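Structures are listed in the sections that come next.
You will see two complexes here that share chain A, one where it goes with chain B and one where it goes with chain C.
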Partner chain A sequence: MDYFFFILSVICVWTILSLATNLVIGYGGLMTLGHVGFLAIGAYTAATLNILWHVNFYYTIPIAIIVTAVVAFASILPLLRLDAFYFGLSTLGLNIVITDVLQNVGPRVPGAEGLFGLDLPALMTSSIWRLAIIAALTALTVYLSWQLVRSPFGRSLRAMRDQPDAIESVGKSAKRYRVTIWTISGGLAGLAGALYCTTLSYIDPTVFSFLFSFNLLVYIGFGGLASILGSILGPTLLIVFGEALRFGGLPSQVSGPVQQSLFALLLIFVMVFRRQGLVGKYDFRE
Partner chain B sequence: MISANKLEYRDLYKHFDGLMVFHHVSFGVPAGQITALIGPNGAGKSTLINMTCGVFPQDGGQIFKDGRELRRLSAAGALDLSLARTFQNVRVFSTLSVLENVLVAFPDQPGDEPWRIFGRAWKGVEERNREQAMRFLERLGLANDAGRRADEIPFGSQKLLALARATATGADTLLLDETTTGLEMSRVPLVLDFLRALRAEGRTILLVEHNMDVVTDVADSVVVLHGTVIAQGTPQQVLHDEQVIREYLGRIYSA
Partner chain C sequence: MLQVLISGLSLSAYYALLALGFAMIYSTLRIFNIAHAAVFGAAAYSFYILYRIFGFNIWGSLVVGVAIAAIFGLLVDIFIYRVLAARGGGTFSIFIASLGVASLFEAMALLFTHGTPLVAHTGSLLPITIGAVSFRPLDILVISSVAILYGVLFYAIMHTRTGLEIRALADNHTMAGVVGIDTNRTRTAIFAIASSLAGLAGILTVYDSGIVPTTGLNLLFVTIVAVIFGGTRYLFMGALGGSIVMGLVTAFAGFFFPQWVTVIVFLLLILLLIWRPQGFFA
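Right, the complex of A and B next:
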């Protein structure tokens, strides 16, 4: 049963991160290849505060959101001048820089080689209550994202994605929308990171390699760009599928690579035959 | 500088990498009137709109809006000076619905700030904007397309949508780039009525136009651009100007 709760928690975390990523790629037209870097910042913020400085885990969650949002805000400013491809490449670089920094401060700072021994509040030590809290925060994130994209702000955001020159012609700065959605997305990734800690007994920088950013792209590509439902369906179906594969009788050395290959094939299949994904509303042209 | 001109161009000069677009361009766009800007392809008509709206700088000369010189204007800043424009190649928001395309442009949108979307306050304003947007679409014959994706309607309709979008900004001065191009003849009268109504509201319009029937019908004055301003005056005067006929029109239009 604990395993079942664990998988559901993992699905919740990746749903939040998929929403965060879909807000910038699907709705904002900003190609990010490195959102797992922000997941790392959220996770490390929460884990460091909790393990090394003994801050109550509940308080570390909002702090992780704020810290990650601030890092996201600061990181997009120099990237705004870049076109789609170079922007994407830079975000990939950002992911690598973040994990490299975490890895290389290792010898000097306790924790960079890995942090374990999260001191969770009593309620969160029970796996079902932990899942309930994570699921509630995920539901809240879904609700907030949904409100955001259906508001006039969401409409202007999609308009900016479609025609940056034309949004300026109606007096709205394309830059403002890009920075705003990127910062909001960073905050959500920080939330996902803090919650991610609780699903792992141990965090170290290799958990946040850019290969996980690839999985993230498969999740939202499969679920559908510019779709809240797609951001939920994508990770849910694919994580369930990946776990099912592990019970297919294959040894874990085989099932891991098989899963990655199937993900890659699935991505190609989706791109060729159904670019908008399962329930997506946008295909990334240009 | 005090003048009855909404927009004033003085000694404007533009070249692209040594290629002269135009030089010594001076003319005024009188407030509350429709001024047509005509001239052959490549004469720099769209360039002049882009310069006015801060898309790129002039290489010399001055542009005044309401007597204030425009300097270092950004594209998003043009509307602060009550300048709105359409694009020659339309640029509608392709995945948004026709109605949404117009709604995006309204200046008063509290829900456009992410931290204000959870209140109910923006919904009343949104409802008002929606009614206003539908009125624009009805007048341009687009009401039946309101729910369709903007890139699914014909090019001529997209041109009209761009006109509705620019109008919705509430700008007092509209720079319209080839609004009737690609539009079937039967729908041109809708545009003419729309433009006349804008003028009646007191808005100022600079109209880039190739259709001389449209020009003679609605323009109060005409400026002909070909390297520089080769003629300006009433449609009557300009369309009978020998140089204009020789260099651009090719024949006499009855004005």
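Right, the complex of A and C next:
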């Protein structure tokens, strides 16, 4: 049963992260290949504060959100001048830099490669209540993202994605929209990170390898760009599929590569035959 | 210090082989071909299987390995990129599909090798020592064959019909089609040449230092930085100059701060993209 709760929590975390990624790729038209780097910052912030500095876990969640949003804000400013490929490549670089820095000088529990031993509040020690809290925060994120994309801000954002010059000509700053959505997305990734470290209970830099940013691209490419429903369907279906593969009796040494190859095939297939994914409202047009 | 310089130059040779092909595809077709890493790996693994497992002659295995790379690169283009473009996909979808190809190849390689490093050479490659510096005949062979290849290809691009067409595509793809160049045929030539170069790099790597499934992508990332560094305005000079710089940077960074090599490479990339996005030699 605990395993079942664990999988559901993992799905919730990746749903939040897929939403964060879809906000920038699907709605904002900014290619990111490095959002797992922001996940790492959120997770490390929450875990470090809680394990090494003994801060109550509930307080670490908002701090993780703010810290990650600030890092996201600071990291996009120099990258704004770059066009699509170079922007995507730099975010991938950012992911690698973040995991390498954590690997080399990141905080760790003595004698281990990473952090473990979270001191959770009483309510979160039971696995069902922990899942309930994570699921509630996920639902809240879904609701807020949905409100965000149907607000005037969301409409302007999509207009900026499609016609940046048109948005500029009616006196709005395309740059400001990009920075805003990137920062919001970073904050969401921070939330996902804080929840991820309670789910996994052990984190080290390998958990946040850029390969998982690739999975993220598969999740939202499959689910559909510029779609809230797509960002929920993508990770849910694919994580369930991955787990089913493991239960299909394959040893983990085989099921890992098999899952990666199937994801890669799926991504190629989606790009060739159905670029809007399952329920997307936008595709990789450029 | 001179020793590091020499190993940097021999690293540059591998980057230069990958960089020329990558830059050729990017500058003519606007395809950011991450699948180049898979082509590299395909040749390396085929060479290993032919030479080490079946015990074929080394030169025969080399030729077959390069041919497999060229065919593999072409198949990716014909069955994925061209189909994708015909169905209305743009350069970005092609980029993501090529990421998919690289990832697929890496996963397959991991599945079959379980991540064990494979090295094709047998016996030891004895270094020659002159004064304080020692180097291996293999390094000299690699560097000189890269120099010769660059010379031959440069001549071919500048003086043959296909070379002229490739340069025309780099200048203006649509216009080249309008004036009657068979762009699909030229595209085939570009992918064949570029993939052979990547295949050669793969074979040299598996022969010398050996490969694991991630080797191709790791090398390609540094190569892309080299291509950006060199710029694609002057194809050969850019690829060569960028590769030499990146070879030296990675060798010296690896010598002084071995843990920080990737961080240094990517910080350099970001600084470069901001400061001089058109490339250093353009």
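We adopt the following convention: the second predicted complex is superposed on the first by the 279 of 286 C-alpha atoms of A that agree within 3 Å, B and C clash if a C-alpha of one lies under 4 Å from a C-alpha of the other, contacts with A are read in each partner's own complex, and residues count from 1 in each chain.
Operating definition for what follows: a residue touches a chain if its C-beta (ideal position, glycine included) is under 8 Å from a C-beta of that chain, and two chains touch if they have at least 3 such contacts.
This is a predicted model, so every value here is computed, not measured.
When the two structures are aligned on the shared chain, A:90 is found in touch with chain C, with no touch to chain B. Of the two partner chains placed around the shared chain by superposition, chain C is the only one that A:268 touches, whereas chain B remains out of contact.
When the shared chain is aligned, chain B comes close enough to touch A:168, but chain C does not. In the superposition on chain A, A:158 makes contact with chain B only, not with chain C. Contacts of A:246 after superposition: neither chain B nor chain C is touched. When chain B and chain C are set side by side, the one touching more residues of chain A is C. Residue contacts after overlaying the shared chain place A:257 against chain C, while chain B stays out of touching range. Across the interface of their complex, chain A is touched by residues 32, 80, 83-84, 87, 89-97, 99-101, 103-104, 106-108, 110-111, 114, 224, 228, 259-260, 262-263, 266-267, 269-270, 273-274, 277 of chain C.
Chain B makes touch with chain A in their complex at residues 53, 55, 74-80, 84-87, 91-96, 100-101, 103-105, 107, 109-114, 117-118, 122, 126, 165-166, 168-169.
Per the touch definition, chain A reaches chain B in the complex via residues 147-148, 151-153, 155-156, 158-159, 161-163, 165-174, 180, 184, 226, 281-282. Against chain C, the residues of chain A that register as touching in their complex are 31, 78-79, 81-82, 84-86, 88-90, 93-94, 96-97, 100-101, 103-104, 211, 214, 217, 221, 253-254, 256-258, 260-261, 263-265, 267-268, 271-273, 275, 283-286.
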